[in-house]
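Below is one structure, written out as structure tokens; comments come after it.
Letters A, B, C, D, E and F mark the chains in the order given here, with residues in each chain numbered from 1 onward.
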């Protein structure tokens, strides 16, 4: 039975033009990496949007695996701009193999 | 003028735009894949840039061009001021949103210009090639004015400011427009020959499909627009009329031919919905896209495509006649 | 007939389709990005719609057209009935799946029609322009019949029914086909001139790449098809033969020229795999796409492209000769 | 240390043509928003599929963050059509900031 | 109140050309299905990448829902190639409806 | 030679590539959607394959072609050996990475060939049509040599080996190139006529946009390249010079016309960055893309586009003159 360790998985939904801002924060938190997943449409308080890459009004999800401490530090760092930048941050515990990486 | 307007309404370019508006209003599922839409917008910018550059390579550079460029930059810098005042006091927007919207109206819409180019061509009053350069230089100054208005008294961190300036001055459309303009100037007509089939012959067809998509997006946004008050709606029509008229007059005043003066009017009347929104997400994330995109894309853009271009063409001819 | 069939086999359009079938059978990783495939299918619909409309603008509207449209609607409404019976009793499908498959065979395949158009053109028997309108009106009636057959005795909620009817009558392909057909009629040949390079000259090349993709998808589906019995396979060949023959006869009977009669046969023989599957996911989600897509896309579509078109052309010529 | 609250993250894998049906249920459950992620290929009992946006046989994932109660209500509402519509619903607890939104 | 069961959700970040290798392992583990989500950009130890489908240097996420046992078996099977193939595997518990499927 | 090089620098094709390099270096956000980039690369392969096939259908097959093909296969098989030695001992790469990089340099770059084709055409020394077949057959042998070098002493599981061979011999570009080449041969010039507007007229324009994207990707990779030592950088320039020179000499030796000899030199000088990397991810996942992609795409590719093509053309002319 291969042993796994517990790490945090953080996913941040963000306007595509702002992805750089979020990844900069991730790297500032000393996290080893991140990946970006496309989001094609959505709906929230300010209404619905659909496939609007042309106007730059589309969104992406930045996902990152890290230790609980670094995840907390990242949340800390992003908290002040969460509302102003309309970020949606969720995180939860996941089991990973090769945990030493993170 | 009526005839003019009518003539444009039988052009496939305009008809596909209307089809898009109609389909979205009927809530049809018709949609263009966004990778394709993005690709078409890049193609249109590269093509218009190339053609402008080739034209300038033929005509050569002179004072007239410098004058047009200067007027364009000035207009882009100043237009947001009036818009901001109206948005604050008439539409009662907060500082941030008023600044964001003002930036859109000071800047320009590439697709509106491209469409005007085609329509004016059909009307035998094609704008000068260098107007593409004017288009390119008018995109960014308004963003700076808008930001100053929105951020009065506040300040950005250095890191953010650097990133912001890069986004503003090196944003995709400016780089692609000026870049392909330069390529057109260097390659000249002989060099252009080899790529003409794609960038010239194919141009109007692609424009049709792109306007179909713009029609779909514009109408869908309008139907979901929650933040759009009647006051904002009024301004989204008044701004193009006002700025466009001033633009045509200024253009004629500095001695542009009617076609170019009309194009300059269209530039002033148009509101950006590709370059500026992206910059705003970065610079003013608190501003509500539901306001600035609904106004520029769902109201001002259709107004210019369907009526503005015809109006400013008629006005330019009138002034030239006078 | 042999000559005809052979001649089509040396056309790049058909050869690229064969290449797709071959590549997928050899399990090559070759794949067209789906955004590009979707974009090409939209382009093909817009182009065929435009061309048809322009042709009608030239020819003008008359009784013949009305007759062709009526026959098309009728055929689309009735074809599913026979298909349903065969699917239930010969292939032993349950009510839901039989209804879903029947809808596909009553409806039409845009790409099969487009390919037939090209092939018949090469054979100097181009169909009339209004056949595009026939294509468009034949897409939806079959869906209604199919749903009635599948849902005998049951009923949908109002909210669902409304959404469903919109999907059925305003589905992307119908809107785009009829929309660009109308644009073609309004713009006429002069208007079409400006967009001809993209929508006319580029047409066959895009069709090649699209058929390459269709070949890849069709063969891959077939190899993964688990739900495909030999009885369903037989029907997937019999349906086009039967419906197509009736179609050619009917077309000739109502006085269509051989080219148009052949095209009408192809329409009846073809099975939808773009508009109807999307509607079925919505209306009959319990139906198994593994059945209806494998039949229409992986069997009937290749059969029509490779043999059906040639057969119906020959039959139409034969009847016209008689 | 910024404090977070626990919410449910629901992800529903659905045929793209049926996304509207799912988002309607989400809105009916009074959930404040949703986002759609593309799915490019997959395999299940009825076989394999790959990049088939052309035939409308492609799928999407609808993800939504909400309170446990609303999540339960949504699961309740979708349960009857899960099998018939071939939906795949998973949900789990996540930590969110700005929890008041949901 | 509809009852749910607990299953494992496994997500494996992998170079797109290697997706087949991973899905083969999933099927070998007797898992009933999988889905692939696109990844448009990312950053890790070997640097940053962005929209490189052309060079085949892009990545995908293979996600699969299964029983805890099968998930463990899959992790077991992939462990030896995790480092060599640069896979990133995370798994966590999720509630599912129609649990009998998995 | 200078004149030659200069002339290429005023061609839009090259200028768009430079624009891409520049924009990325300035860290502009300009980016082509990857679905569009992928689509354009497929289009370019289909078009070049078709044109080559049509040319051969005209010229007919003869010993010269067989000779060229054999020389190409041999070159692709042997080139990795020297490269491997240099990578191991001069650049001090481990076995795996050295084998992976060697495979890239033994194989060929479709886009470099396509660009050379255009440039040589402008220089009135167009390569023979069958060179496309040479291009196609040169893609895979090098992969096998590279794998043998990298895996000395180790062995793959059967399942993996089967999958691997399929990937190597049926990889998308080989299938598409050879497939459309065959289609060109079968369809011949008459058949090609109908699809010429898309595959011929549009060709150079698409190449411009594709090279714009390649320029963006190449420069961005270079800026993020962490694994690139100065020794590797040196080799990335020496390899094309060395292989290309040998290639031109060999081509001239087997009696190719100057244009074809130059093209053969370009093929030898070019390094794959589409077919081989994908195969390497599968066959040598431990190898670092940061090394082989940075070398082939960010260094060798620009070098060949900007200087190599001109150099080898001059050399071929010189040898032909001698």
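Operating definition for what follows: a contact is a pair of C-beta atoms (placed from the backbone, for glycine too) under 8 Å apart; a residue touches a chain by one contact, two chains touch by 3 or more.
The structure displayed is predicted, hence computed values, not measured ones.
Student: To reach subunit E from subunit C by way of touching chains, what is the minimum number of steps?
Tutor: The fewest steps needed to get from subunit C to subunit E is 2.
Student: Please identify which chain has its centre, taken as the mean of its CA atoms, farthest from the centre of subunit B.
Tutor: Ranked by distance of C-alpha centres from subunit B, the top chain is E.
Student: Which chain maximises the distance between its CA centroid and that of subunit F?
Tutor: D
Student: Given the two chain pairs C-F and C-D, which is bridged by the higher number of C-beta pairs in contact?
Tutor: By the number of C-beta pairs in contact, the winner is C-F.
Student: Between subunit E and subunit F, what distance separates the C-alpha centroids? Give it in angstrom.
Tutor: 34
Student: Can you check how far apart subunit D and subunit E are, centre to centre, with Cα atoms defining each centre and the answer in Å?
Tutor: Using C-alpha averages as centres, the distance is 18 Å.
Student: So the centre of each chain is just the mean of its C-alpha atoms; given that, what is the distance between subunit D and subunit F in Å?
Tutor: 45
Student: Listing for subunit C: what residues touch at least two other chains?
Tutor: In subunit C, the residues touching two or more other chains are 31-36, 38, 167, 197, 201-202, 278.
Student: Give the residues of subunit E that touch two or more other chains, as numbers and ranges in rising order.
Tutor: Subunit E, residues with two or more chain partners: 37-38, 40, 53, 92.
Student: Using the touch rule from the top of the page, what pairs of chains touch, sorted by label?
Tutor: A-B, A-D, A-E, B-C, B-F, C-D, C-F, D-E, E-F
Student: How about subunit A: which of its residues touch subunit D in the complex?
Tutor: Listed in rising order, the residues of subunit A that touch subunit D are 13, 37-45, 59, 61, 72, 75-76, 78-79, 82-83, 88-92.
Student: Across the complex, what residues on subunit B touch subunit F?
Tutor: 33-36, 38-39, 42-43, 46, 50, 166-167, 170-172, 175-176, 179-180, 182-183, 186-188, 191-192, 194-195, 197-199, 201-202, 278
Student: Under the stated contact criterion, what part of subunit B meets subunit C in this complex?
Tutor: Residues 10-13, 15-16, 19, 22-23, 26-36, 118, 122, 197, 201-202, 204-206, 208-209, 212.
Student: In their complex, what parts of subunit D are in touch with subunit A?
Tutor: Touch residues, subunit D against subunit A: 1-2, 4, 7, 9, 23, 27, 32-38, 60, 65, 92-98.
Student: Where on subunit E is subunit F touching in the complex?
Tutor: 15, 17-18, 20-21, 24, 40, 46-58, 81, 84-86
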